[in-house]
Amino acid sequence: MAYEVKLDVFEGPIDLLLHLITRQRVDIYEISLSTITEEYIAAIERLDELDLETATGFLIVAATLLELKSSRLLPGRYTEDPSLLEERDLLLARLVECATFRAAGEWLATMLERGLDWHPRTAGLEPEFAGLAPDLLASTTPEHLARAAAAAFAPKPTPEIDLHHITPIRETVRDAIYELAQVLDGRSGAVSFSELCGGTTRRIEVVVRFLALLELFKSGAVDVAQADRFGDIRATWTGEVDFDEVLEEADEYMLAPTQPGGARS
Amino acid sequence: MNEEQGSSPPESKIVESILLMADEPIPAAQIAEVLERPTALVEELLNQLAESYRMSDRGFLLRESPGGWRLYTSPDCAPWLERFVIGNRHPRLTPAALEVLAVIAYKGPLSRATITEIRGVDSDGVVKTLQNRGLIEELAPTGSGAVLFRLSDGSVERLGLRSLDELPPLVDFMPDAEAVEDMESKLSPSV
Amino acid sequence: MNEEQGSSPPESKIVESILLMADEPIPAAQIAEVLERPTALVEELLNQLAESYRMSDRGFLLRESPGGWRLYTSPDCAPWLERFVIGNRHPRLTPAALEVLAVIAYKGPLSRATITEIRGVDSDGVVKTLQNRGLIEELAPTGSGAVLFRLSDGSVERLGLRSLDELPPLVDFMPDAEAVEDMESKLSPSV
């Protein structure tokens, strides 16, 4: 099912998912999680002009979708794994929030449009009263004027892009690659994914580690295996890639986002 | 030009004349000062006046916004007023811009960073557009440093609200149970 | 924005809305054009409206002056209007108004569009307020069409200047050299 998604530059990862998930409600039985996941990944492939911070947000959602989708093969796990349910609910909550603000925005648009039909009285003072109006310039000096003009003509500060909020996530993906590489490099045998996630408290950290592991797998630094369909993912350091090289790749990952769909789940 | 007769015009008449002369929203308290009457009473007069304009199907209406009370032309006359309007209408806002506006309306004042965080996507461009159109404004900078944005009084006025407290509750915009269920089922691996 | 109802508002209502919106006297012929009705009929409507305001003892009156028809405040409300005007508690210019005034003082005469461009913020409302208060005035219209604004003589006088040439040089107030360069490029006569 080919479906072209036109992305507004400012549309975010949740907007995109909301868009894919709510279009054509008639086709409810035709649109499955895997269709949505495929389309989502296809859409982010076209996001090459987007900055990295934004791309990270898209990738995290994609990884969550992939994880949910892969659990389809493991029905038992899906119902029994509360963390996976939690992850889905988190995504659902964000979707509902996004849909809510979108609807509120539409209401605001209608009201603002209506507001244009209300023209305020602006005629102001009649001539015989104008003379009575307090002298607005009473406390204004030429210096005030000069200062205000200087401010107006001064180059406008380019909007300061504060990445503070996003930095934790970005660093976490890069750091996760670094951390995983460190753990795996020092070990001779395989390490389970759940062990790699030991100590994480939030779903997002697990997702980020999942992304990091995919990156390590793609670079050839790590081999992954799943003993059986229900088993944990086990990762082994191949030793074929230099540790520094891995870190370099981690930096590159930050510069040129690839999509995680390349490593099939 | 009537002579000094000892009898002053009715208070509602004076209120009406002040409103006609004003070129910005006027707080009830300011009118109360002119009349030397309690603000509550003036507010009652203003409400009565607004109601009487509405009832008598006039070409103008009286409405309260964050800054105070102001006369407006009746919206159903707008098509005939078009040629008197100075300036042109702005192009429609994009869905993304409207979403940011909604986020600021309901959660503001907010910094650029928080807006971006809520939406999961860089929103600085959209914030700039909204600011240029006068729909949002910067709050006077606080000690913390981050610039906070809120809806401008002008926006609230244009929305026809007295204050942001009058916004419909956000729950009214939440997708209904059926829609949420639909989303949930699509996020779940089919058995 | 109003629904298609088939029935338009009564003509007298539209006339009333035009009068409220107008900043200056409007000739009956111009209203007739908007309504697509004969001028004689519009004149009759205007006279009826003027009569109805007089009869109902409103705070405003409708009068015909040489330039056309205009709403005026009722003369018997004048004492309160004077208090309203004098008692205005914020005779200070808003920061936005001061900035627009400054831009016009240093770079004028300027059109609304250029002012907005320099400031990066829609400035039409502020320009209008400054004009209403007599701080700026329109230059006699040129062939080009765009209305240009300059400081009124009264403003220059109240600033304690004999002419705008006496304004302090801007360089003294610019934060740094780079800013000065940028400013100079903006101040140099546009080609």
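Every chain is named by a letter (A, B and C) in the order it is written, and numbering of its residues begins at 1.
Assume a residue touches a chain if its C-beta (ideal position, glycine included) is under 8 Å from a C-beta of that chain, and two chains touch if they have at least 3 such contacts.
If you're wondering where the values come from, they're calculated on a predicted model, not measured in any experiment.
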| item | value |
| --- | --- |
| Most central chain, Cα average position | B |
| Centroid-based (C-alpha) most distant chain relative to subunit B | A |
| Averaged-CA centre spacing for the pair subunit C and subunit A, given as whole angstrom | 47 |
| Centroid distance [mean C-alpha coordinates] between subunit B and subunit A, Å | 32 |
| Averaged-CA centre spacing for the pair subunit C and subunit B, given as whole angstrom | 22 |
| Subunit C, residues touching no fewer than two other chains | 1-2, 17, 20-22, 71, 73, 81, 85, 88, 120, 128-129, 132 |
| Subunit A residues counted as touching two or more neighbouring chains | 114, 116-117, 119, 121-126, 129 |
| Interfacial residue positions of subunit A with respect to subunit C in the complex | 113-114, 116-117, 119, 121-126, 128-130, 132-156 |
| Subunit A-touching residues of subunit C, taken from the complex the two chains share | 1-2, 17, 20-24, 71-73, 78, 81-82, 85-86, 88, 91-93, 95, 97-99, 101-103, 105-107, 118-120, 128-129, 132-135, 155, 158-161, 166-170, 172-175, 178-179, 182-183, 186-187 |
| Residues of subunit A that touch subunit B when the two form their complex | 8-15, 21-22, 25, 28, 31-33, 36, 51, 53-54, 57, 68-69, 71-72, 75, 78, 88, 91-92, 94-96, 98-109, 111-112, 114-126, 129, 159-166 |
| Contact footprint of subunit C on subunit B as seen in their complex | 1-2, 9-10, 12-21, 23-24, 30-31, 33-35, 57-60, 71-78, 80-81, 83-84, 86-87, 131-134, 154 |
